[in-house]
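Two complexes follow with chain A in common, the first pairing it with chain B and the second with chain C.
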Partner chain A sequence: MQNMTLEIENLVTGFKTSDGAFNAVDGVDFKIEEGKVLGIVGESGCGKSITSLSIMGLVPKPNGFISSGKILFEGQDLLKLSEEEMQKIRGNRIAMIFQEPMTALNPVFKIGFQIAEILETHKNMKRSECKPISIELLKKVGLPRPEKVVEEYPHQLSGGMRQRVMIAMALSCNPKLLIADEPTTALDVTVQAQVLELMKDLKAEFQTSILFITHDLGVIAEMADNVLVMYAGKVMEETDCETLFDEPLHPYTNALLNSRPERIKPGEKPVCIPGMVPSPFDMPRGCAFAPRCARAMDICKEKKPALKAISSNHKVRCWQYYSEEEQCQNI
Partner chain B sequence: MYKYIIRRLLLMIPVLVGVSIIIFSLIHLAPGDPYSAMIDPNTPTEEIENMLQNIGYYDPLPVKYTKWASRALTGDLGYSIRYQEPVVDIITRRIGNTLLLSVLSLTLSVVIAVPLGVISATKQYSKFDYIATIFAFIGMSLPAFFFALLMIKFLAFDLKLFPISGMQTIGSGYTGIRLLWDVVHHMMLPVIVLSFLQMASFMRYSRSSVLEVIKQDYIRTARAKGLSEKLVVYRHALRNALIPVITLLSSSLGFILSGAILTETVFSWPGMGTLIYQSILNRDYPLVIASTMLLSICVLLANLLADILYAVADPRIKYN
Partner chain C sequence: MSLDKSVKSQSPWQIGFERLKKNRLAMIGFTLLCIVVTISVFAPLLTSYDRDAIDTLNSYQKPSAEHWLGTDELGRDTFTRLLYGGRISLSVGLVSTSIAVLIGVILGTTGGYHGGHIDNIIMRIVDIFMCFPFFLIAIVVAAILGPSIWNVMIISGILGWTGIARIVRAEVLSLKEREFIEAARALGLNSRDIIIKHIIPNIMAPIIVYATLGIARGILSEAGLSFLGLGVKPPTPSWGNMLAAAQSMRSLRLHWWLWIPPGCLVFFMILSINFLGDGLRDALDPKLKQ
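This part shows the complex of A and B:
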């Protein structure tokens, strides 16, 4: 049995809005082993980012709130910690890289200062001691001329360079868990590949677990050990990376795989999933994917299926994988 | 940067020339003249006409302007018709009184209002926020003269906490510390009125600015770094939120020398505000022009200062 870095049980994160309340993350369970990468895929608005913000304790207040569940990080429930205790973990043992490198750095502070801040907060270093370490970190993430970059402001760097700075910041305290929320989405393809390579190296070096959130299946194939497919705040399918690509079970996973641009032959129209992600205020009574599902049955529209274990490392939430008897019992 | 400042200063010259022409024309377009009130109504009309002819009252406007401008260039801003004294002397005597009032009230309002605005923003929709908003609303909508009169009625007349008007107790002959206290005592009410009214806009401005900044991605990054909420707000958010507040500050700074006309008048404060008000009533041409020119120079300098402050506060702004 491997050491678990992160175990999430039945996480429910909701939002209050003027139109009513809804659950953006609706009962999610998963585990990440030490030194492993868990990928979460899904369309925009399916609860991927809110899951990661829940772990960080950064769900936007006052409208967002975690209503139930457990987030066990190295055995400790993060939801039971006070704000001060969470501050000691954030940026230190759990670090996060965000999607938008262009806006994620504070425009009025020098790069060196923004890295030094973390070292000051978590390692009790003096400002003067931080500079050589910041330069070292920037060198490690492959930034050219790091001794100059520490004296520069974010607007003087390109998107790829800024994302490297973000990664350097995230790694400054050797975190046990790194949450990467679409870290390559805003970057062009060559820079994307470099950044992914960099994260892989760092994982190997520090045994860091990574929670990798993306809607790019190519990136998942490249990075992830295990994959979670999310839709409308729920886990639809959970398995290891190879199985996901070789024998996807859930119709949504299949639809996602079929709509990859590299599968389209010249002259063919791209395959897309008809319809839209349902509005959180207007969730279907049955399976959330049923209105868009090509294989939907009557039961799919009536009742929500539960996540079912097909094998030891493969779970799926779909009525097709229930026998007729099981389906009948549920009605 | 220095080159930029020098270029901006040089650019001020044509602007000031334009401003002086406009002021000069406008004040002469106003009906009435400064002399009628000074002359015995029984004087024969021809004599008055003769006199006005002699002092150049009937000169065409361009001639008058050229005469004024050539003297102004040598530092001679003319003689006040009303006070029979050089304009420069009157202004230098008054300007200190106005600066005392305006610098103090501006500093007070910024020092109090910006933190209040920040707290209001970080605790949006809390009781504190609502109370602050109500007060800001009052401060924004109350006219200065009316608020000043209310304060005089309640604090000065009913409660007798402060003197009603003026800058010193007349005929007291105080010196040293007692004089200082006397002036401070007289100053309090106008300072309260002025800072309360200015606080309102500074508070609302910094509140909305912080609310805007706090939604930004880099604030989430700062939190994700594990910084305390205090550092997130007062280091990461405030520094960015202050940039738009500079605009408001510079527009207030522009009027620091001209004084608050209404407030000074209500309190009979012997500053630039009352001076400008009275000189316009008296058609005291040299005094009006000199004080309005001073005001324009001040506004232009404040704008330049704002642009320099932008570059200091925001590294993305660079001038070449």
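This part shows the complex of A and C:
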């Protein structure tokens, strides 16, 4: 039995709006083993980022709320901790890298100050002790001339450099879990490859588990050990990375794989999934993907399927993988 | 490597002040301000007369080599009183603005950052304070507590924080949605640290601009209240009560040296502070890049 860094059970995160409440994350379960990478894929608006914010305890208040579930981090339920206890975990044992490196650094402070701030907060270090450590961290993430960079402001760095600074900041306290919310989306392809390579190296060095959120299947193939496909706040398919690409089961996963640009032959139109992610106020009665699904059956429109284990490491939420008997029992 | 040497780390502040240096009006204002501040601070070195020394034999002297700006009805040297008056007027401006900025920034950031009920309560208090007519309240308070320089500072500060609270709140509202604030929370900082270390340094520009203009307003209200006899008490000189002392018909007609110099000083001080304030606003606004 491997050590679990993070176990999430039946997480439900909702939002109150003027039009009523809805659940952005609707009963999500997953586990991340120590030193492994779990990738979450899905279209925009299917609850990927809210899942990560829920783990960090940063769901926007007062409209967002976690209505049920457990978030066990090294056996400790994060939802039961006070705000102060959470502050000790954030940035220290769980760190997060954001999507937009251009705006995730404070524009009025030098890089060195911003790294030192984390060390001061979590490691009780003095300002004077922080500088060599900051330089060391920047060197580790492969920034050129780190001694200069600590004295520079964010506007003097390029996007890729800033993302490296963000990674250095996230790693400054050797976190057990790193949440990367689309860390490469805002970067160009060459820098993207470098950043992914860097994260892999660091994972190997520190045995950090990574929760990797992206909508880029290529990045998943590169990084993830296990993959979660999310749609409309629910897990649609859960398996290891190879199985996902070799034998995808869920029609949504298939559709996502088919719409990858590398699948398109010259002169052909790109394949896309018709329709849009349903609005949370207008969820279909049956499977959330049914209106867009090419293989939808009658039962799909009537009843929501449950997540079904096909093999020991492959779960899928689709009526196709239920026998006719099971389908009949449910109707 | 030659590139490395030429790249100098400039903070956003340094960039702003570089830009300010190119604004001629603002620099004129800044220079005038520096001169007045210097001569007020070093007043004892610039004049040989005592501020309140009465010399009734030499009352209403015209400007001369001995008394550069003449003497008043009690034979006190006007130039000396003008210098010392600058101390009072400037300190009233500074202290009242500091009070206003302190209250305004604390309440503005708290309301803007936390939102919800806290924000609602604070903004309603702002609305209530904005309903008070300034001079009426000032006169009532001065009448109850008695006229003194401290009361002028406090009144002016307590009635002047609403504007800055609104500006600060609006800035915080847009700033707290920025990713680096979320990143700061993800790094485990508590809200007090985030407000003090991350939000306030980012809204220093509007605060500085507002504070500069607030100093001008403080000086004006001191002059106004002292003119009404509700501000600084004689014999302590301030520009306002020097003007008040010269308001008789006789003085206005015959003793120009008693009211033109303090009047001009108030005028030029306000003008130069406003020039500087406008210049700062342009220089520190990142969207205005000429």
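As a working rule, the second predicted complex is superposed on the first by the 331 of 331 C-alpha atoms of A that agree within 3 Å, B and C clash if a C-alpha of one lies under 4 Å from a C-alpha of the other, contacts with A are read in each partner's own complex, and residues count from 1 in each chain.
Keep this in mind: contacts are C-beta pairs under 8 Å (C-beta built on N, C-alpha and C of every residue); 3 or more make two chains touch, one makes a residue touch a chain.
Given the structure is predicted, the values throughout are model-derived calculations rather than measurements.
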*With chain A superposed, do chain B and chain C clash or fit?*
clash
*So, does A:R145 touch the first partner chain B, the second partner chain C, both, or neither?*
second
_On the A-aligned overlay, A:F98 touches which partner chain: chain B = first, chain C = second, or both, or neither?_
both
*Touching A:E268 in the superposition: chain B (first), chain C (second), both, neither?*
neither
*Could you look at A:Y153 and tell me whether it touches chain B, chain C, both or neither (first, second, both, neither)?*
both
*Who wins on chain A residues touched, chain B or chain C?*
C
_Touching partner for A:M169 - first (chain B), second (chain C), both, neither_ = both
*Go through the superposed model and pick first if A:D246 touches only chain B, second if only chain C, both, or neither.*
neither
*Can you pull the chain A residues that chain B and chain C both touch?*
56, 58, 83-84, 87-92, 95-96, 98, 100, 103-109, 117-118, 121-122, 153, 155, 166, 169
_Quick check: in the complex, which residue numbers of chain B touch chain A?_
216-218, 220-229, 231, 236, 239-240, 313-316
*Enumerate the contact residues on chain A facing chain B in the complex.*
56, 58, 83-84, 87-92, 95-96, 98, 100, 103-109, 117-118, 121-122, 153, 155, 166, 169
*asked:* Going by the contact rule set out above, which residues of chain A touch chain C in the complex?
replied: 56, 58, 62, 83-84, 86-92, 95-96, 98-100, 103-110, 117-118, 121-122, 145, 148, 151-153, 155-156, 166, 169
*What residues on chain C touch chain A, complex-wise?*
4, 7, 9-13, 115-116, 178-180, 182-190, 193, 197-198, 201-202, 204
